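Per-chain residue numbering starts at 1, and chain names A, B, C and D are given in the order in which the chains are listed.
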Amino acid sequence: MEAGDIHSKSAAPIPTDDAPRRPVPPPSPALKFGVGSAVVLLAFADLFIQKHGSFAIEHTPVFYGSLAFLVAGALIIVAEALRHLLSRPEDHYDR
Amino acid sequence: MSALESQLPILQVIVPLVGAVLVALMRGGRSAWAVALVITWTMPVISILLMRKVLATGPISYHLGGWAPPIGIEYRVDLLAAFVLVLVSVVGAALMPFARRSVASEIDGDKQVWFYTMYLLCLAGLLGITITADAFNLFVFLEISSLATYVLIALGRDRRALLAAYQYLIMGTIGATFYVIGVGLLYLVTGSLNIYDIASRLADPAMQNPRPVMAALAFIVVGISLKLALFPLHVWLPGAYAHAPSFASAFLAGTATKVAIYVLIRFAFSVFGVAISFETLPLTEVLVVLSLAAMFIASIIAVFETNLKRMLAYSSLGQVGYITLGIALANTQGLTGGIVHLLNHALMKTALFMALGAIAYRLGSVKLDAIAGIGRRMPWTMAVFVLGGMALVGVPGTAGFVSKWYLAIGAVEKGWWPLVFAILISSLIAVVYVGRVVEVAWFREPSPAVEKCTDPPLSMLIPMLVLTAATIYFGIDTEASAGMALKAAETLLGGLK
Amino acid sequence: MIGEMSPGLILVLGAVLVPFLKGQARAAWMLALPIIGLMQLLSLPMGDLGQTTLAGVPLTTMRVDGLSWLFGFVFLFAAFIGILYNLYHDDPLQHAAGLVYAGSAIGAVFAGDLVTFFLYWEGTAIASVFLIWASGTERAYRAGMRYLIIQIGSGVILLAGILIHHHATGSLAFTKFGLDAPGAMLILLAIGIKCAFPLLGSWLPDAYPQATPGGTVLLSAFTTKLAIYALARAFPGTGILIPIGLVMAVVPLIYAMMENDLRRTLAYTLNNQLGFMVVAVGIGTEMAISGAAAQAFVHVVYKSLLFMAIGAVLYRTGTAEASALGGLRATMPLTAALCIIGGLSIASPLLGGFVAKSLILSAAMKDGYFWVWLILLGASAGAFVATAIKIPYAAFFAADSGKRPEEAPKPMLAAMSLAALASLIVGLWPSLLYGALPFPMTYDAYTLEHVVTQLQLMAFATLAMVVMVALGLYPFERPGQLLGADWLYRGLGYRLLRWIEAAANAAWTSIVGGVTSASGATVAWARSLHGPDGLFGRTWPTGTMALWTTVMLGAYLILAFV
Amino acid sequence: MRLDVVLRVGSKLILPFMLLFALYVQFHGEYGPGGGFQAGVISAGMMILYALVFGVAKAKLIVPQRLVEFMVPLGVLIYAGTGVLTMLLGQNFLDYGVLDPSPMHGRERGIFWVEVGVHVTVASTMLAIFYAFVERGR
């Protein structure tokens, strides 16, 4: 592999985007209901718990839940966005 | 018994010499081999007895023909000499069981007798070089061993061996001539040929004119550098080792260059002394540069070599670089590293060449492409190769590590940090060339020719395994090897400062 | 039991017999070794044992204290389940390599001096590469070579550090150094490579997925955790480790979410979990060190479990790529269940991760590291998505691939069940773990507050996943290779740092090329000089040699007389 | 080769004296210029002259190849054997003094045998080289 040819590859359209995708089934109603009720229940419980943490932010209602939701959501979106930048054919380094 | 004991130094040389004559009187390869076996197996007995005596009572001096030095020829065994004697005789003896089939398969029947004769002559020469304290006698033994070596190399069926032997003959003769010119200059200045006598006369403060001495040192160092194949005077070696019969390659790789290095150590430290060798003539700087060049250039050549015998030969050149580096450091730890690497490298390289010999015996080729998949068909042989290779790399737990450890400490003591990294990085190059072979031998599909191979007979396998086991043993228990080398180095550095 | 012999040495020596045994006898022997090792460990008293000397320097080949005991124990456990799992196939070389590898890691943990430590450290490097090569593919071979070079390189740097340290201080004891100690930077660098620090760790996702299914299980357990042990031993409380650890905890997560190969996904999340431990070592309080040790303990257990589950999938279907998997729960229900337990172990109450990770978070909180705490909390939510949800989801649920493989073989199931059981035991009776920590403590993990907040974390992260899938935003698995460390150069300014990347690529090319005889520019140059026809490699005419002899003589004479 | 009568007769006359001279040089070695090496060369020269004039085949009837190959090591054996004998008699290697009650005669005797060994080896080696060159064309 010549030192420079990585650039020429990254400039070309990324072939993996054309790979066929299999449709992912939408979440089942049971799953939606289960997760939904767990979320509501835990958010509700949060209001009644005595918190001992030393950071003020911890005492915000449903702090853990909101943080987790934001992080997980952001992670998935960022990952999907970055994949377009970083993905290369399987044997990229072995060429 | 005690009468015999006092004769041990001369027996060390005269037994193989007479043995060579006896072998020459034999009629067939088998009987020649049998006599040679008996002779070579007495060698370690004698050298180990000598070693024990040196350890118990200090250096042994033997006067040839009853004439006292400096007029007569003196044989002198000190710790370093005993160490090298044991090394040469053990390698020589360990190789013999391997020899019968290997030699029979590579050398025409009527020439086998001469081959064994030359082998014993070469052995006698090498032992003689080590044991004698007479500078001219040393030259005689140098020539005996060299002439025998040329024949050993040329006796194979490989036609290229003739050219290689011829080149070696020219270069070897130049080297020996340089050496003898140096000795002549020394005689001119000091009027003596006994190396300890020369040393004491050189140390005399009344020695006003060092110029011929310096010239003598230069001639001797260059001459011996040729013999030990120090870069850039190494070019005769790869061809000679590659085209020689397998047995000869294994023997020479283990002993010939080692004895030459011994001579260099002897002259640099015992004869000229640290003051002249390393201060008046900057041997340290020169040797460090050349050693580094050898460690890198030869090792990288080994990476690209496809003939495995040539690859090992180049690797030997790199390893010689480590030893000369230890000499160049001229401090206790560094010199210990150099001396102990003499032993360690002899063990591992002999085992490696034997493994190649076994492959040549079964497969008829030692080309990298030809041995694909041979690890699965000759597992023991390749195990020897892998372990030997690991020792070359200096993997901890093998002898190679011990040597490099001392070298590194020696470099640190001098405050030369870049050297430590150079040692480590050149070890990584060894990983590459050993890894290449491992990959081809274990991870490729065997060819039809390789499919038919099996491990060689036990007579060939056991010597390899013994030497490999020794490589591992000296990697773990360093008392016998490094401990001895440390004592020898202390004597060399302390004696004639 | 056997003198003061290191339990690691028992495994290493035991490996010698493996090639000579067959079938049941071999299986029994290999399984017996970690058990013998464990009995040996239990019989040893605390303190410095196995004193010896090397060239006059005192060595302590066997040091048993709280830290080494815990790591030694979990390594023995990991060795046992790894061996059990590996019984599915008949490859003595790989079995022996695995034993030597595990034994070396255990030996390194108990090493009281730097030389012994170094020996075992190199042992892990060399033995482990055979687990990668055992796959037998060209890719595995190349990845193994790269891995070997980096691992040996780490050993070389470590040795250089040891030499400097020994020279400056005269000591070879393996104790706390701190960054000011001579040679400490090199030692930290060496450990950092094995610990997969940012920019130094690309060997990990490169090599682990190339090993055999069982090989990856062993690989995931030892090398990096040994590095964590070494960090905790030598550099507790070193501030620089905190930012390093935070980067490790965050960046690999993004890669894990993007990655298609599930074993590589696990390798990235492994890297992420290492970040937690590195941060804890950087904080360096008693609680933090205990937290790092506890986390390492639990992590060995559940990460092995996950690698085993995906390994079983790979073994049965021939692939570990998310894009080719899905819907396997129909025929591999037990594996699916065990995989879910492994995933949940990262955070869920009743399982291992719950009781361990909170120690680290509490330690950060106690010392007032607000941002550290917040980032780690976020990272643990992210790790939950990437590990506990993505892995089982992609393999056993998601879009049905139509594959209907058999259930995993019995030894694999047994090994996985053992790991799951261990996670459960630690989760149910955390005091067992807490009592064995380097600084034993009574910490109550099961407060109502902790349970509820942790469940919240899990539920809301799952919610986010469900929402994303419903919206069609979840990254659909596609084959492809992700760019590694050079991503950073692009992210920071593609044009500005373009030349750095080119240089890095050239260096990489020359290393890889030298090994695989690819023709990089450097190699071509080296070959032109050193190849069989090059200046140095070819046979010179005799006259040229003689000329050189004269040149050398002249040089010596000039040096002598000038 | 019918016109070489002079050569044949002349060499036939010279040959015995060459051998005699070789022996003279051999035994004179301790006192004046000479010794085993020179004597060996001269006696080999005699055989070579014979072979040149009468043909190698005839020369090989007198000194067969096998004998030459036997003599090379034999000479060394005589030399080394003398040394070993002195060792067996309790002295250092090649310390001839013990070979006779009077050390001086002992040395004479020792040197004599050593010179004999040298003679044998040198003569046979030269002959071997000569044979080897002559055989090359065949």
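Note that contacts are C-beta pairs under 8 Å (C-beta built on N, C-alpha and C of every residue); 3 or more make two chains touch, one makes a residue touch a chain.
Model, not experiment: these values are computed from the prediction.
Colleague: Looking only at C-beta pairs that count as contacts, which pair of chains has more of them, B-C or B-D?
Modeller: If we tally the C-beta pairs in contact for B-C and B-D, the bigger total goes to B-C.
Colleague: Averaging over Cα atoms per chain, report the distance between chain B and chain C in Å.
Modeller: Computed value for the inter-centroid distance: 42 Å.
Colleague: Report the inter-centroid distance (CA atoms only) between chain B and chain D in whole Å.
Modeller: 37
Colleague: Compute the distance, rounded to whole Å, between the mean C-alpha positions of chain A and chain D.
Modeller: 99
Colleague: Can you check how far apart chain A and chain C are, centre to centre, with Cα atoms defining each centre and the answer in Å?
Modeller: Each chain reduced to its C-alpha mean, chain A and chain C end up 24 Å apart.
Colleague: Using the touch definition from the top, which residues of chain D touch two or more other chains?
Modeller: none
Colleague: Residues of chain A touching 2+ other chains?
Modeller: As it turns out, chain A has no residue touching two or more other chains.
Colleague: Quick check of your reading of the touch definition: is the inter-chain graph here a line, ring, star, complete or other?
Modeller: It is a line, because the chains touch in a row without closing up.
Colleague: Touching residues of chain C toward chain B in the complex: what are they?
Modeller: Chain C reaches chain B through residues 54-55, 118-119, 122-123, 126, 133, 136, 141, 145, 148-149, 152-153, 156, 159-160, 163-164, 167, 514-515, 517, 526-527, 529-532, 534, 536-537, 539-540, 542, 544-546, 548-549, 552-553, 555-557, 559-561.
Colleague: What residues on chain D touch chain B, complex-wise?
Modeller: Against chain B, chain D makes touches at 69-70, 72-74, 76-77, 80-81, 83-84, 87, 90-97.
Colleague: Which of the residues in chain B come into contact with chain D in the complex?
Modeller: 3, 7, 10, 14, 17-18, 20-22, 24-25, 62-66, 117
Colleague: Would you pull the chain B residues touching chain C in the complex into a rising list?
Modeller: Going through chain B, the ones touching chain C are 166-167, 170-171, 174-175, 178, 211, 214-215, 217-219, 221-222, 225-226, 232-233, 235-236, 238-239, 280-282, 286, 297-298, 300-301, 303-306, 390, 395-397, 408-409, 412-413, 417, 420-421, 424-425, 427-428, 431-432, 435-436, 439, 442-443, 478, 482-483, 486.
Colleague: Which residues of chain A touch chain C in their complex?
Modeller: Chain A reaches chain C through residues 1-4, 6-7, 14, 16-17, 19, 21-27, 31-32, 35-36, 38-39, 42-43, 45-46, 49-55, 57, 62, 64-73, 75-80, 82-83, 85-94.
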